[in-house]
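Order of writing sets the chain letters: A, B, C and D. Residues in each chain are counted from 1.
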């Protein structure tokens, strides 16, 4: 098959991550880079022998097969619609839009266009998480009854970022709302959440929290838990524990390899990865690879689509309502 | 110091556990055993060279210093009051009474009598859990922010037991409500719970659940989670994870020692203890030992007292209300 | 079956360990204790309601079924012979005698008497090691090819003890020579050893070492390694690794249960047991239990007998020769 | 600094590994590839935009700064000498020559030429092993007393490869002879070895073994052990355990990340890496990086040089002699 020629929209941190994946993947080619900050686009483009262009040019060019949207969140919806109308395949970073109603509008317009689209829930492509999914499908532990998820990010993002992030539910927990749907092949029926601004009390001013716990009832009757933190003193801690009547499947905390010291009555080993990116880095490449296989006609059931994007957001909205009201909240079913 | 002469009330399974502890401890002596089933009392008494007597005799005898109440739950409150009035030290299995108001009444009568009393929250004496407490006190991880507790019992008790158990909150989760108070030196402010009868649907008939998740907000602002199951496919799984700004302290799942097999691409190790008793067995002895040290005048801050018994029940009541109403419920503060 | 009435010869540390086992085992009774230091015998006997008697009395009494020899090493051979001639079952601490020829003489006299005898290779009854044996028997990893054994004791014994111990091969490594025979059901054909007095150089004066490495060729062609130390800075480290064409079986280093601390980039867990006794404690009871089952007519293939005692000593002798000469040494086959 | 322009000699498996490293490293450029099989050189060169040239051209070109020798072993010595005479920096795969005397001759000629040279002991650049070295240097466990090394390769190489490999000591164990010198900063004084052809008996015909155990006495008095296998049933198993008076440092067996299954009384986790290359892959890049830093004038004490190459071979020769004679053999000191 000919290489998929990608235009990358957005050349910030996450854009650079995608650029490296596209350049490395044998089935893709980084052809164009566009960014409001044209200089930054040029710097990135030149690193990979691509061209820095205007956004509209990238989206409409005949020399482009696929568009990867990694620009600022408020631009996602518009770019997604434009790219889909131009007939391009689209890999869109999450969220589609911070406003769920705006996201729904766009999805309703874009779905009928029938172009291949994936939404950036890259954590589905964590190898350990995928092993969980495969073993759940095979019935290794029976029907799921209890799900426990932990997402403890190690470093508080800047307040400026948090202010426009949509808050911990929409920005951080949303990955785990998607993972929960992915791992269980089930939908969240009801959610309840408690949160607090313990690490950085000032973010309470704009209604955000940095520490939260959630519980969810699934449509199947299974129960789920999630906790989230924005900073830890022990690195990046992500783990998932799935229980069924036949046993438990666990995708545990991960650490870099390293030496062990046994001394006195202690065993001292390497702790966790210091930051989230070290842990999830390879999932971006693996997500891209899944998308490319999808484009090549392969059935790729793990690939998160537009409705997955919407549904995870709907859970986040319900969680925000629960945080604000202290009530159990039913989740709107969109997928 | 002279040995503490114990009368054991109740000679069922848990009475037998306590009998073995009392017989083994160098500071205690099993002098009398009483049980409604006198034959069972005699069998146990003879095993340890004790006398089988009537309950009233045991409680009032001058040859007895301390009473251990391990009889059926409905008898606890009355026996506790009688033993305290007789001036005996009392080790009372939890709960004081399944009815919180009845328990409060008894505690209000017994407290002024000023006899040494401990309530059977033996899990405080789990060596790993106690190490957590010591390190939290020393500030090793800073002020607690997030607490995660797992209590997954492996074998469904008989329905007949469940019917009179008070339900999963009052019977099983209560140990972890106490542990939460113990480990944090804090109180639960609000609780929310979701539950389901997944393992044994028929228990829903009498309003019980076998699988539940809870979240709690502590007075300090910290957040806590707990999940409970009545049966698993992987043994008895109990673990606690405490997070503060400086790190995490973990009292993990425990397994028997055993051989590891590396074969093909698998590493196969011993799984968890098969049942709760194998895991917690030594905490009964250690609790007894703490009580004996208390009787000898030592300061034993970990020892659970009457108000600890009441407060854990108050949390359980709030959890039951949340289960039934789907509301966040404030916890009555009694301690 | 009636209880086996034991006379315990020797009431030092290891005698006290055996006394506790005999008292605890439902099939045995500690009837008499004898020791050159009669006061010490009395102290131990009174603790368990036994009688302190003279050695000759214990051995010849009709009220005794079995003799446990835990006296000083130089007395083992004579007591073993006397007890066997008196028709008693005998549990004899290793070694039979530090002199292999003296040990052979006794064994030749005692074997035809046909009384039940076991020699104190208690480590065969380590639960993990026994699991290795069972799985090897079942062919889980195929025919053994490579055996790795580690025995690193944590605390240097006193020089006075070492001076009369027979040296590291006869005193410490001998347990692993026996384990090697037990685990492989094979015999050592050739041994080579290197040693040094690194922890306590003065023991070189009487020809002893505190750190040693050995390699052995088994009759089957398999190869084995062993290392020994007399003191560590990290507790008691004992582990065995068996490799066959189908995989590896491992009985690993063991640690007490305890809390884990994750902080910064470290994970800090409990280290090893501080001393050998904490690790092997329960093997004494399990060895006694196996002997009792043997006395009751059960087939107990793991039970170490007189010839096992001799053969382990023969390996130790060859190892000493290798240490002294820097040669590969063939092992005399006695078993 | 300008990029180091590399000529790669040899485009087989290991040449391809080096090509990828050179292409990826920001301080190096793959300029030319030479191979007896010119087609293979062209295929590899074209992949990285390099030129396929004749060996002599590569070595003598002004457009080349450094030569990486990854050709067949018998050509190493000659190419090393030629490249050094041409004033190039040289990264030479081990061994310099299978004949130690031939290797010495070349080293004696090349050393006075004073060009930067490194020999391919890439395992020094394993991150865990390097952490051991750093901590040993810092005295974390005190002076080394006991070293245990395991190198169990998972897949039997073809007999054709083995026949010309120099045998297990010169081909496989040699990496661990180098690591032993690196980790201890000490020299091997005496070696003793036992070996057998258990996995593939036919290799005994040409004097080779596939399973071997070695013990070594270091000049400092420390003792070391090594075992080697050519195939396992449990993947690639490499581990190092260093003991000093203050504790143990361990670079353990490594496994890919993956899910854990707890079921019944088992915990099933991912086993070891399936093959040696998965485990050591990144050490090639890290070795190259160290060489580039050396070329840039940085002090890189871990970099293995010509004398390191010779000394590891001298240990291998002594080990072969011990295998053949059943004697302890003193190691010639060349470094």
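Keep in mind that, in the parts below, a contact is a pair of C-beta atoms (placed from the backbone, for glycine too) under 8 Å apart; a residue touches a chain by one contact, two chains touch by 3 or more.
Since the model is a prediction, treat every value here as computed from it, not as a measurement.
**Student:** Tell me which of A-D and A-B has more C-beta pairs in contact.
**Tutor:** Spelling it out, more C-beta pairs touch across A-B than across the other pair.
**Student:** Please indicate which chain is farthest from subunit A, where distance is taken between mean Cα coordinates of the chains.
**Tutor:** Using the mean of the C-alpha atoms as each chain's centre, the farthest one from subunit A is C.
**Student:** When the centre of a chain is set as the mean of its C-alpha atoms, what distance in Å lies between subunit A and subunit C?
**Tutor:** Inter-chain centre distance comes to 58 Å.
**Student:** How many angstrom between the C-alpha centroids of subunit B and subunit A?
**Tutor:** 42
**Student:** Considering subunit A alone, which of its residues make contact with at least two other chains?
**Tutor:** 141, 233-234, 237, 246-248, 262-264
**Student:** Could you pull out which subunit C residues touch subunit D in their complex?
**Tutor:** 141-142, 145-146, 148, 150, 152, 190, 192-196, 198-199, 211-217, 221-225, 227, 229, 231-234, 237, 243-248, 326-328
**Student:** Quick one: which bits of subunit C touch subunit A in the complex? Just the residue numbers, please.
**Tutor:** Its residues touching subunit A are 233-235, 237, 255, 262-272, 274.
**Student:** Would you tell me which residues of subunit A are touching subunit D in their complex?
**Tutor:** Contact set of subunit A toward subunit D: 127-128, 131-132, 135, 140-141, 246-252, 254, 256-264.
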